[in-house]
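Here's a structure for you.
Chain IDs A, B, C and D follow the sequence of writing; residue 1 opens each chain.
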Amino acid sequence: MSLLQVKDLEVSFKLRTGELHAIRGISFDLNKGERIGIVGESGAGKSVAAFSILNLISQPGYISGGSISYKDHTLSTMSDAELATIRGNQIAMIFQDPMMTLNPVLTIGTQMIETLQAHQKMDKKTAEKEALHRLKQVHIPSPEKRLKQYPHELSGGMKQRVIIAIALLNNPDIIIADEPTTALDVTIQAEIMELLLELCKNNGVSLILITHDLGVVAQTTEKVIVMYAGKIIEQGSTRDIIDNPNHPYTQGLIKALPQKAAPGEMLNQIPGNMPQLDAIPTGCAFNPRCEHTTELCIKTEPELIAKDNRAVSCNLYSERLKHDK
Amino acid sequence: MTNKTKLLEIKNLHRHFPIKKGFLEQITLENGKVTRKVEKVHAINGVDLTINKGDALCVVGESGCGKSTVARVVMNLISPTEGEIIYDGTRIDNLKSKTLLPFRKRMQMIFQNPYASLNPRMTILDTLMEPIKFHYPKKTEQERRTILDDTMESVGIDPSWVVRYPHEFSGGQRQRISIARALSTDPEFIVADEPISALDVSIQAQVLNLLMKAREERQLTFLFITHDLSVVEQFGSHVAVMYLGTICEYTTTKSLFDKPLHPYTQALISAIPKLEEDNRPHVKLHGEVPTPVNLPTGCVFHTRCPFANDRCKTETPAKQEAEPGHFVACHAVDEDRI
Amino acid sequence: MNLTFSSNLKQFRDSFLWHSFKNDKVAIVSVVVFLTFACTAILAPVISPYDPYDLVILDIMDSEIPPVWSEEGEERFLLGTDSQGRDMLSAIFYGMRTSLLIGLCAVILQATLGIIFGLLAGYVGGKVDSFLMRVADIQLSFSTMMVAIIMLAIFQASFGTERYNDLAIFMLIMVIGIAEWPQYARTVRASVLAEQEKEYIDAARVLGFSSIRIMFRHILPNTLSPVLVISTVQVANAIMSEAALSFLGLGMPVTQPSLGSLISSGFEFIFSGSWWITVIPGVVLIVLVLVINLLGDWLRDVLNPKLYKG
Amino acid sequence: MATFLFRRLWQAIVVMFIISILSFAIQDNLGDPLREMVGQSVSEAEREELRDKMGLNDPFLTQYLRFAKNALQGDLGTSYFFKEPALDVILKKMPATIELVICATLIIVFFSVPMGVYAAIHPRSFVSKLIMGISIAGISVPVFLTAIGLIYLFAIELGMMPSFGRGDTSPLLGMWESGFTSWDGIHHLILPSFTLASIMLPLFIRLIRSEMMDVLQSDYIKFARARGLKLNRIYYLHAFKNTMLPVITVGGVQIGTMVAYTILTETIFQWPGMGFLFLEAVNRVDTPLIVAYLIIVGAIFVVTNTIVDLIYGLVNPTVNLFHSSK
């Protein structure tokens, strides 16, 4: 029984001008100590997926279908108060921009101690000791001084380390990291990703990493989900998907990376741009931009077909499968 | 290298920004004495660069290294505290706006954030026609219209877009419009300040190809500012790596990636998350990037450099030509300690 | 050029603005009430039964007659008469006309001064900015009411009350206009500083456009929505300030009553029976100001970028 | 801290200098001091000679310097009407106004904070809609109508409250004539302070509500929820402390408006304070009293702004008041 099961999850936004479906049915599992990456471009719905696990979607979004279960709780139906016992305790989150995540008028110490005391009976003294231990674990220089400092006195990289320490405070089973290093410089990003990887491995914590950077996913995760316009279009082990992707969109994404092109040559680009949530094309959402589009692609929406623990949702692929059989 | 004519020269450029503007805010009462402490952000501390006609110089560095400030000084948006900007033989950083006008036509700029580089209250037609009308006063309405159509066609803008407003377009489409605006005055030199950092991967490829096509078709010279080294390998002919307002390495793109000399450049290259199995030794930097307010003494990189010794802490390394056309400012390279 | 005009019209028709207006009952009611008030004010001379400013026809015998629905009420004076026998209904129509006139003109004066100073302070910055903002801060800390009272006191003292009375309307517009320009200046300056950070202004500079052109063609149009939002609130505040000043005897004279002076003229009678002289114009004033404030709130929600992303 | 105070002192000097120039300019060309002091019968020649003796014909600057020198020693000229030093006249009346302002501020803080916070946390609830309804009505009702309404209801109909005057006061710590000391004094204070508060109360309810709603959308509040903190802690510590920052700054500026409205409130309630005095001085063109009032009100603003900035500096850690050397 895997640790976390997301089944046919749907998330929509109730707007004055009608309903927008940000996520149109996604399913994936997460086992103990496993690291899974969710990749996709902006507007694909990857962040919404991350926030929906702990039901933290900002208004007017809500879970409109499917279920999320963690151990024996079904998170998608739990009330906010019940969920509060799991948030920050068994499942912790790391946000994208460290500059905005910490409360500017409270010290680092207060924000760490309150996270401990929210879930464990602990007096201030022991909580402080535990906070110091975690700060050392994330290699923060002179941790005692940090507890008394305010967020504006720390650099971006340092703040993200504090946030990782906060995520670890209650020994979570799962950490959901929503683009944890996008707002940081590349050298700081390398250090933070390495730290996150090392901590997850040592403490047996499973990680859900949301990012648009294929390189980060390649270095950090074991499984990967590629999302496009609110649906999963490809899923499988990271190495397989990166070395030989099946879905034309994943292939296009990888080929478009400068790393993959000869210096000075034109990059092979994917034409067109991401569909707006209120104007998702019929059939396969990628058909306007795909060079293999056929009549079938425009008419029918492809199924996610699993084969030797990989899955892809593309009409051409499923046709080819039927022929091979 | 020799027959190339110099288009842009940046000589000994310094640029500092006072933190607290008002006289009042600068006064502090320390140990009984009224002292006026003027804290400054040392954005650029001595930069020398030349760009030859037809080249594409990439200036690479992390946030706070001063690369965008260099772009803004070159484009005369801010004036240098010290040093000169020479364009095609004439010094342009101290001209009055009238005498500067002809240069404005020849030098143009592309910006980073597509959602803020277009005036939200103007239609695409006005946004593109305004520079054409301004720089081609003598041309008739019809001639101007053809310039507009050619520019739009060259960046792949659909004529039906002209009536609409910026908020109706995606990031990639807006960046195309902002490139069209820059090309509408038929410039010879373009400064691109991180033109694709705010875009998605698939759109980045489209815009980068667009810039490369424009560079070939119009023999443009580029000053390309970015923090993404993989883009440099694709676009730039020459590269300058900046750290805290100084240039630590300058060479052609090929030799930078073949044999990076400066430890910071090595760290930058090794920090790019590669798709393949990455078993290269990861050059680990330690400590945090110091603030550009009180710069470290000697070599500004010594606080994070794994090879720093006493000499690095006290003496600022001068720029030397370690190999033909490959300049680097580092004692360790000089003493072959790396 | 008509290409863009028709697209503007279409753009407006299905725009977020029109859409949210249609479904917001409060906004519709407020606009309807405001328009009726505005029409009555404009048509005051036509529709009001008497001319309240004509002192000849005032008959002291008709003073303090209650509104028609109470026993001693008379057909002739639907809403009764004031202490000098002036018909309340016509006095209120004319009063509303004066109050609206002062409110709108004062706001136009405030806006022009405020926008120019705000634009200058925001765009030029440096010494100009700190000087203008210092003056604005001092004036704000003194508050508009205090500045208005002091200036009116000086005018009244140096001109003497008779001369002052026939200049009253002009004086009030000047005073409320000058007392409140800092509100506009600070709003415009804030949005100019915000717009200046955006790259389309750098693009305009790089294209060689002159500062004047950038200020008025590029920056100003983008500062209009916050200006529009505070304009409604400022009209409401201006009408209230005028009423308060008239109440203190520094505003409109009793012969040419605005709503405020009507209310103040009825103040001493309120507890001795003829309550309507103060209460009826008071209610009219409150409804007028309330309607404008409601419109201001609706406009702020619609134009507020945060909510706009919806 | 020393730097902060030093800077404030410097700004205070500049502000007081500007106010003194303005007030002197008013005094110079407003009304003729002689007309008040000397009867009609005195001939023009004598008047001219007296003017010379009093130095009224000196150039503007010297007259101003003399005025400033006297002002520094507390001599702001003598009131025509009271024939006493203007400063003393005002200082005698100051306690009444200050107490009124203090009570009004307490009422504002006591009501606007809970109502604004509640309306922000439960925007859809009926009570919040009621609060917002009352507050938008509140800012549309001019203060004198509120006063008339309150007097009519509480004083006339219910007869519970005195409708004017200040009740008996007794000296509190020496020269401060305070109304707090007796029930009658407080009884008289209730209606005027509620009227004075009624101007700002709706403004602050709306301000606190909109600031709090902004804060509740921010990332650090979402992160607080993601850490499973109790809702009350999120609302009343995390969100509340950030909400208060802009409210304190606006509060500082609004104190000016409150002092201005004391003029109106005191006129309606016949409250023997500075505001009422100022209005009478304006009607009587008692220039020295007007000028003295301006200078004292200017001083009050400088002091209150300093206090407000100090409080802001204490609450907002990013403003380092104490120049802790890093």
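The definition used in the following text is that contacts are C-beta pairs under 8 Å (C-beta built on N, C-alpha and C of every residue); 3 or more make two chains touch, one makes a residue touch a chain.
Here the structure is a predicted model, which means the values were calculated and not measured.
Asks: What's the overlap between the neighbours of subunit A and those of subunit C?
Replies: Output, common partners of subunit A and subunit C: B, D.
Asks: Write down the chain pair with more C-beta contact pairs when C-D is set against B-C.
Replies: C-D
Asks: State, to the nearest whole Å, the distance from the C-alpha centre of subunit C to the C-alpha centre of subunit D.
Replies: Roughly 24 Å separates the two chain centres.
Asks: Need the CA-centroid distance for the pair subunit B / subunit C, whole Å please.
Replies: 50
Asks: Please work out the Cα centroid separation of subunit A and subunit B, and write it as a whole number of Å.
Replies: Whole-Å distance between the two chain centres: 32.
Asks: How many Å are there between the centre of subunit A and the centre of subunit D, using C-alpha atoms for each centre?
Replies: The mean C-alpha positions of subunit A and subunit D differ by 54 Å.
Asks: At which residue positions does subunit B touch at least two other chains?
Replies: none
Asks: Spell out, as numbers or ranges, the residues of subunit D touching 2 or more other chains.
Replies: Subunit D, residues with two or more chain partners: 217.
Asks: Contact residues on subunit D for subunit A in the complex?
Replies: 217-220, 222-231, 233, 237-238, 241-242, 245, 315-318, 326
Asks: Could you please specify the touching residues of subunit B with respect to subunit C in the complex?
Replies: Touching subunit C from subunit B are residues 21-22, 72, 75-77, 97, 100-101, 104-105, 107-109, 111-113, 116-121, 123, 125, 130-131, 134-135, 163-165, 178, 181, 185.
Asks: For the complex, give me every residue of subunit A touching subunit D.
Replies: 54, 56, 58, 80-81, 83-89, 92-93, 95, 97, 100-107, 114-115, 118-119, 150, 152-153, 163, 166
Asks: Given the complex with subunit A, which residues does subunit C contribute to the contact?
Replies: The contact residues of subunit C facing subunit A are 19-20, 23, 310.
Asks: Flag every residue of subunit C that touches subunit B in the complex, lowest number first.
Replies: Interface residues on the subunit C side: 3-4, 7, 11, 126, 130, 197-200, 202-210, 218, 221-222.
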